[in-house]
Amino acid sequence: MTWLFALGLLSYVLSAAFGAYADNLSAALSLLAEALFVTMAVAGVRGLHLNVRIPFGPPGFSLHWVSTPLGALFLILVSVLGAAATIYAIAYAKHLPTSKRRTVLVFAPLFLASMTLVCFAANMASFLVVWEAMSLTSYALVIVDREEPGVLRSGYVYLLMTHIGALCLLAAFTLLSNHTGSMAFAVWAEKAPTLPSGIRSAVFLLVLLGFGSKAALVPLHVWLPRAHPVAPSHISGLMSGVMLKVAIYGMVLMWFVVLGPGPLWWGLVVMALGILSSVLGVLYALAEHDLKRLLAFHSVENIGIITIGLGVALMGWHAHLPLVSIVALAAALYHTVNHALFKTTLFLDAGSIQHAGAGRNLDALGGLWRRMPWTSTSTLVAAAAIAGLPPLNGFVSEWLTYESLVRLGAGGGLVLALSAATGVLALALTGGLATACFVKVSGVGLLGRPRSDRAAEAHEVSGFMTGPALALAGFCVILGLAPGLIAPILAHIAGLTLHGIGTLGPTNAVLVSLPWRGAHLDPASAALLAALIGAVVSLALGASRARRSATEIRAPWACGGELTAAHQYSATAYAKPFRPIFRLVYRPVRSVHVESLIHPFFRVRVSYEGGTTDVLSRWIYRPAITGIVALSRQGRKLQSGSLRLYLALMLATLLLLLAFVH
Amino acid sequence: MPGGVLDALADALVVLSLALLVVRPAAWSIGLLAAQAAAVAALAVVVSHGPGAWVAVAVIGITKVVGIPLVLIWVTRRTQTADAVDWAPWAWILGAVIVLLVRITLPTFSAGLKADHAVLLGTALTVLLLGLAGMVTGRLLLGQVIHLVAIENGLYCVGLALTGGLPAALELGAAVDLLLVVFVLAWLSHHVHRLHLPLHVDELQQLRG
Amino acid sequence: MTSAWILVCLIPLGCGIGTLLCRTARSLGWVLAVGTTATSVVATWVILRTPVATVLGGPDALGRLLLGIVDLVGVLSTVESLHYWRDELRSSNADLVMLGRGIRRVRIYFFWQQAFLASLLTAAASGNLGLSWVAIELTTITSAVLVGSSGTPRAIEAAWKYVVLCSVGLALALATVILLYALGGAGGLGALNWTSLTAAAPHFPTGPIKLAYLFALVGFGTKAGLAPLHAWLPDAHSEAPAPVSALLSGVLLAVVLCTLVRVADVTAAATGAAFPDHLLLGAGILSIMVATPFLILQSDLKRLLAYSSIEQIGVMAVGFGLHVPLAALGAILQLVVHALTKSGLFFTAGRIVHDAGTQRLLRLRSLGVGTPTSGAALLFGVLTLGGLPPFGMFFPELAIIRATFAQNTVLGLGFLFLLALTFAGLFYHAGGTALGRSARTGLHRVPVLDIAVLALPAALTIVVGLWAPAILARGLEAASALALGGGAR
């Protein structure tokens, strides 16, 4: 195993080294590394484990790598999606300018390697080193287009948020290591449950802040809609699909493996943040017309759904409801896997559409279904999956989350019941809005006529780019139709993670549902049932329309003018009904500017600008930044240039010390 | 050792330092500085015995009573600032605060020392802090050099008070350093003159932030 | 040869006098090459030998560490000075007469630079408080001439403030020396050896030694750049020629801080550790706090680096002030890594400023950094200073952070908050400059030696801070043990 590990890392490093000179060799080495790490993860099932400790750094520090079942799950995610992105980049990167291509091909393998290593890190030093390496390499990838206006600023926000997050983690780890006398995660897991509750809660909150900023939980998500659109698409896919998941891994590791069951408010806080993220994420996505920004906001939403699952698991653990905890954690892990799959697909497709020349403004797309059939197919499948429609994988994991919520509500206690009800409502709202949003994406983006010349000239991209997207979409279908393939494994991992919770008997118990009627229905059958009903209904509708379709088809009336593509339903128009409804969140702003000659009737040009206000940044970040800058401006008066002031400071210091310090 | 002489000299030093803090025409300050150095030299004779004392007096005499004032006078001639008056009305108050503060805190900091030494330590501290206060209140570049030398005089008192003479190497090092500092400052004020920069500290404020 | 270390300090002085005699650039280069090589050879020999106590107190483990760092940065600074002057003379469009004047300026520059280096080496290696004081005072004088050497009004102003503030500071520090000498029994220069002071300290009366420490804190603190006594530092650093700024910031501050820490140890032996260490800790925190606003709102590249030095010195002071082995080791490591990083950064800044003709950050952003080498070096340095892994400052900061949390959780959180703010400011300005505009590639062919001057310290930060091989670690541990007061307690 050690050799496999070393060989995999070496491949990544060589891949990065060749990135600047030999694109294909670099890609092949990356793929080799990914294959090796998948092998390692699978070998873990057979009881082969990695345990390497390398003395490193000043005395007392070392790097320690261990393979765990939980880590193996995320390792597979990193490697499989990494492979997809690597293949995609073979064609995608060809058309980048040389210097940018080199940057991408050098840093992408390093980014993958650091994410891989996070899954193996078994002590504080190794975790922090690879964690920050992950941030830095992704930062380098985000600012690839740094000559473009605004990109450096986005990168700065990203690096700063992630650095602050890392400092929070550093604080949490330092507290744990100082109070347990060790830097190893295994020792923490042993001793942390017996620490004073104040320390445990501090660690809990710091971990929430640290990983939350990386996972982009509201209100720590500000960097995400800035950083994702400016990165190359497969990198956005990796960041959104994988890097955010690595942060989820961190949360699961620290909260469940290390800290153990805690007070009720932990679960409540986590669930509240999850609800906030999912609802606000999807709402912002709905108002967005930039395809990649829209996808970025959907990442916030999905991370919210995963976090709801984690919150339920925490509450269930607190309330001694083992089944709830295990189902909830398994649901969160399932959704983690699913989101990784469909979000990466969607980002790869967005990249393909952009690459084909159509741009990423939804209002300038359209008609891609005919011009880019393969890309459109995978987009449609992934969109249906992310919206939680059966029989795709998103449905299964959301089902499981609902199930854990329902079980939690039935677990007893008013607080649990209320929070479960809120969770169910929020999840339902999120699901509905997400469906609406992806109807917008596929309807406006893929169907209809091209809304711009560029969209009209779009052409299907190379097989290296459609292939990975289609393959990932295929996984979405498989995991939707056959959840039995991995649900037991996830439940097993959840059971192991929630150590000391007791056994559940047959692991398939996860798929037992509807407890109150004694009925048994697993998500797969539910999905098939729903799909069946859907098929029947649409067939019936189609038949009834077919009966009436004897009517003649004519061009629609367009007030005497000529119909153009601009008359089609646009993304802005689609989102219009939601804006007044969710006025509180959007704070919509619009301005109509009329230029006229002589008299207002003779209009030369009418321009319309509309948008939404980012409430969170206005209420939280802007005041904080203004405050810090104002304070700094005051502080700068200290260096006024007056030598006498400096001497006076020296005299005052001396006099004060003499007077007060004995 | 005659205690009365010691006390008188110590008081004289404090008074001279206070005067140096308050009196501001440059030419007078230089005179006061020389007087202060002379008082320190007298103190050296009183405190220490043997041939070492005379060496010390010779060193002080050459460097502080004669050498440095001469350099300073040369600078005032060159920059035509001999008559410049530098008025700081509140220097009195600062001076009083310092004298009081040293009186109050001295017992704590001199606990464990001989009575003579404690008196001298107090005087030295006062002279030193008054010199620093002079630098804070003074606006002329030249005034700052004068007060810097005054601080050194205070330090010399500390040395005398406690040790009856520092090791020769250190003494020599300190004296050479002081001389070099004054030379460097003189060189810089030459540049200031060359560049037509203001000769007031307060107007030397290009570097900020 | 028990006093071989004195040779280390004398060779650069001789070398400096030698440069004054040079008539041509070639001979100047040879004198400097021979001088630096000889210094380094002797320094290596002194460092590797077991220490021998002498009248003037030979270098102990900490002294040898500092000696090594000063020598290394000194060599780099000398090499970079050649680069600096080549650029200066080339850009001043010198005709033959001007070249003659230029050579004279170069000779004078190198004389003072070598004299500065000699005084720094003495201050670093000396095991005697009196000698340290004299050497530190000499560093002020020699470097002040260098700060003012460009002769512009800004440079003269900076030099004036520098001399005045540091002379006053060191005058106060002299009071410490005198007090400690008196308390130690006034038995000749040897009584001021650190070993004798530490041995005698437990019998000192507490009142006078506290007074001595307060004066040391204000006096040496001024020279070390601890807030609120730091005011000279940004001015001097920004106006000095870049290779001199590197010496000032990278090693001078650290050497003086170590002297202060040693006084704190002597004090601690008499009064208990709490009195000196809490003050040191407070001064460290205050320094970081004071530096922060200037790092957030800053308009000048070299001043930015100077304020970052204040912050770093503050972090080191916190590390020493916490008074636990882990933090002391962290502070020593930080000292080494900071010396290497900051000197590289100042070299880079010097080149950027020369290429762009301005040190205003706003202008630099639109002009770009000149060469890709400069951009990469600037970025590397800033990331290192931020304490991000996998760069050299990570483990040192981690060690200090752990110790702050062990002391007090609130202290630790506040410390982290300040570090986050300083990184935000530093990276906003310097990172933005390094990445802001793609460097004009191909305009310059950078010679190997010029890249090596930046690459060598960068590589060493990784070796020392991140990897820390066992042989180095032992030396560092010995040095940090001394900084904790050695075997006396």
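Per-chain residue numbering starts at 1, and chain names A, B and C are given in the order in which the chains are listed.
Going forward, a contact is a pair of C-beta atoms (placed from the backbone, for glycine too) under 8 Å apart; a residue touches a chain by one contact, two chains touch by 3 or more.
Everything quoted here is computed from the prediction, not taken from an experiment.
A count of C-beta contacts for the chain pairs B-C and A-B puts B-C on top. Of all chains shown, C has the CA centroid lying nearest to the centroid of every protein CA atom.
Mean C-alpha position of subunit A lies 45 Å from that of subunit C. Separation between the centroids of subunit B and subunit C, computed from CA atoms only, is 30 Å.
A straight line joining the Cα centres of subunit A and subunit B is 69 Å long. Taken residue by residue, subunit A touches two or more other chains at 636, 639, 643, 647, 650, 654, 658, 662, whereas all remaining positions touch fewer. Those residues of subunit B in touch with two or more other chains are numbered 108-109, 132, 135, 144, 204, 206-207, 209. Looking at subunit C, residues 160-161, 164, 168, 172, 210-211, 234, 294, 297 sit in touch with two or more other chains.
Within the complex, the subunit C residues that touch subunit A are 160-161, 164-165, 168-169, 172, 210-211, 214-215, 217-218, 222, 228-229, 231-232, 234, 279, 290, 292-294, 296-297, 326, 329-330, 333, 383, 386, 388-390, 394-396, 398-399, 401-402, 405-406, 409, 412-413, 416, 419-421, 423-424, 427-428, 431-432, 435-438, 466-468, 473, 476-477. Contact residues of subunit B toward subunit C in the complex are 108-113, 117, 121, 124, 128, 132, 135, 141, 144, 148, 151-152, 155, 158-159, 162-164, 166-167, 169-170, 173-174, 177, 180-181, 184-185, 187-188, 191-192, 195, 197, 204, 206-207, 209. Listed in rising order, the residues of subunit B touching subunit A in the complex are 97-98, 101-102, 105, 108-109, 129, 132-133, 135-139, 144, 201-202, 204-209. Remark: subunit A residues 636, 639-644, 647-648, 650-651, 654-655, 658-659, 662 touch subunit B in the complex. Taken together, the subunit C residues at the contact with subunit B in this complex read 130-131, 133-134, 137-138, 140-141, 144-145, 148, 151, 153-154, 156-161, 163-164, 167-168, 170-172, 174-175, 177-179, 181-182, 186, 188-189, 192, 205-208, 210-211, 234-235, 238-239, 294, 297-300, 303.
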